[in-house]
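Here chain A shows up in two complexes: once beside chain B, once beside chain C.
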Partner chain A sequence: MKNSQLYKGSLNTIIMKLLEEKGRMYGYEITQKVKEITKGDLHITEGALYPALHKLEAEGLLEVEVERVDNRLRKYYKLTEKGTTETVNRLAELEDFIKNMQSIVNPKLSY
Partner chain B sequence: MQLNSEQVELINSFLVKNELVFDDMRFEIIDHIASDVEENYSEIPFHEAIKIVLKKWETQIKLSNSFWVSSKDSFPQIILSKLKRLFIPQVVLFITVVIIGFLLKWYVPNTNYTYDNNKQTIQIIYGIWFFIATAFALNLFFSKGYTTNKYAFKRGFYFVCLWTVVFFFASSQSIVYVAILSANILSSVFLYQNYKAHFKFLKRI
Partner chain C sequence: MSITTANIAHIENYLKSNGVIFDDLRIELVDHISSAVEFEMAKQNLGFHQTFSKYVIENKSEFLNPNEPNNKWNFMLALKTFFKFLINKNVIIVALLLFIVFQRNYFELIKEYSSSIQLYAVIALIVFSLGWIAFFNGIFKKRFFALENNFNVMIIFFGIFNLARVLTVPQSVLAVNLTLIYGIITVLFIWFIGNTTYKYYNKNKQLYTA
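Our next item is the complex of A and B:
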């Protein structure tokens, strides 16, 4: 992942936000969507994505649906009810963080 | 270019050969690799495309070791990170309860408590628990599919069996042994979580 130290703490929130918008997604689709939104600036590696997805699933924030697509099985992730609530909280937290960073980095633009 | 069954099977064989043996993780990695080949390298032959894509997975597929799982290079990094998450809570619980047992034995007054004080009661409670745990274990061992949760359950259950044997054959049965049995019983929480997750996965596929 590019600039891993800065992005690392927000990976789970990024995943949850995407799932909130799209309903359900599979691993590869998430990496491509992030790449597309950030115009290739942010690349989520496989080594970061799957442990994050599995952890969110273990915490009960995501649930899994498995479907046969073409010649293989595909694992779709979607937010649980708890996950949907948690996404709102985490996004609010992230927005606060961005605001605070904005105040520090560029005080003139902050409000 | 959509991959055919043989090409998907080739990816599967490669992963199994590299110890990515757990169905719950292998299926999604196969899908990830296949999707990458289909979407980004459809213009070049499969055998060249797969080399490029597998190169991206090199660090994750490379056999590694972990203090919590195995000292040998036995599983790919991506599997180790999941197994670690499954093992650590059970090991931490076990160590904590045993340390409490030792502390009670050494620092609390009247530490002449021995297992013999309540031998029969403890044996009956533990025996019933162990019988139930074994029934769950057998059901899991004979189920189809091989998941990280099945592996974690197996490891946890073997650990429990080992301490059960030590307990019943030990000559001095102090409060430390009672602590070990309690830790075993408390580890049911983790065993059951893994049991449930394994069958939940089987139900989905």
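Our next item is the complex of A and C:
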């Protein structure tokens, strides 16, 4: 993950947004999807991803399905009902943040 | 391109020997590394061991961090989970009933046998803890971060509570009530750990049987 507090602070929202779109995903799939969307610019490491997923799970925002795939176990994450509601709130908050930052950093573009 | 069962075992053993001791965390890393290695093997047309070694060199510092960083957060979360359990309607009713019944009918008895009750509570906790550890380490031979985190926090919580109880004047009303509360919390603690372990088992049956 890029060494920036801005990215780190948005990791949970990024995960939740992806899960909202895809329904359910496993860890490696999330990292690859982010890499693909950002054209390789944003790389989420294992050290950042899994603690974030576990935290969201412990908060009741995600739930887990374990399946055996290709001779190994795979944990799929999906949003809970509470998680779906929270995703809407967090995305709205993030959009608001981006809009405000845009107004400060580049006022011309914000009109 | 799928890697073989022997390759998966190789990854698992590598992680185990490098200190990833918890099964719930290791299972995810095994799948993550296996997926990454498979992708690179297909892309670069390389063998498993060559690709795996390359992956380890490039990413070791990321996946070999000590089992779950941010211990402060994990501690707070486990404590929050326990307090959430304590404010559950059924738990409150049971705790209140126990307190009222014992306070009204056995106050003098508790006062007289205060030190024995405290000793029994400690023995009950030790027996439960040893049983719990033997169950996961001896029978299942699997350790789960999610469960041990709760368990460790509760032990610390009891240590602090015990200290508060010891600091009160012996034989005082407060000391007797604290002894009673201590006994009730011991029951609730065993209930909490049993309940969370059972729920975790139901949600992650495949992790136990893998």
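The rule we apply is simple: the second predicted complex is superposed on the first by the 109 of 111 C-alpha atoms of A that agree within 3 Å, B and C clash if a C-alpha of one lies under 4 Å from a C-alpha of the other, contacts with A are read in each partner's own complex, and residues count from 1 in each chain.
Everything that follows uses one rule, which is that a residue touches a chain if its C-beta (ideal position, glycine included) is under 8 Å from a C-beta of that chain, and two chains touch if they have at least 3 such contacts.
Because the structure is predicted, anything quoted here is derived from the model rather than measured.
Asks: Please determine, from the superposition on chain A, whether chain B and chain C clash or fit.
Replies: They clash: once the shared chain is superposed, the two partners overlap in space.
Asks: Give one of first, second, both or neither to describe whether A:Arg74 is in contact with chain B, with chain C, with both, or with none.
Replies: Both chain B and chain C are touched by A:Arg74.
Asks: State whether A:Gly47 touches chain B only (first), chain C only (second), both chains, or neither.
Replies: A:Gly47 contacts both chain B and chain C.
Asks: Following superposition on chain A, which residues of chain A contact chain B and also contact chain C?
Replies: 26-29, 32, 46-47, 50-51, 54-55, 58, 64, 66, 69-75
Asks: Inside the complex, what are the residues of chain A that reach chain B?
Replies: So the residues of chain A in touch with chain B come to 26-29, 32, 46-47, 50-51, 54-55, 58, 64-66, 69-75.
Asks: In their shared complex, at which residues does chain C touch chain A?
Replies: Residues 2-5, 8, 25, 27-32, 34-36, 39, 59, 61-63, 65, 68-70, 73, 77, 81, 146, 203-207, 210.
Asks: State the interface residues of chain A toward chain C in the complex, per the touch definition above.
Replies: It comes out as residues 26-29, 31-32, 45-47, 50-51, 54-55, 58, 63-64, 66-75.
Asks: List the residues on chain B that touch chain A in their complex, please.
Replies: Going by the criterion above, the answer is residues 2-5, 8, 25, 27-32, 34-36, 39, 56-57, 59-60, 77-78, 81-82, 85, 204-205.
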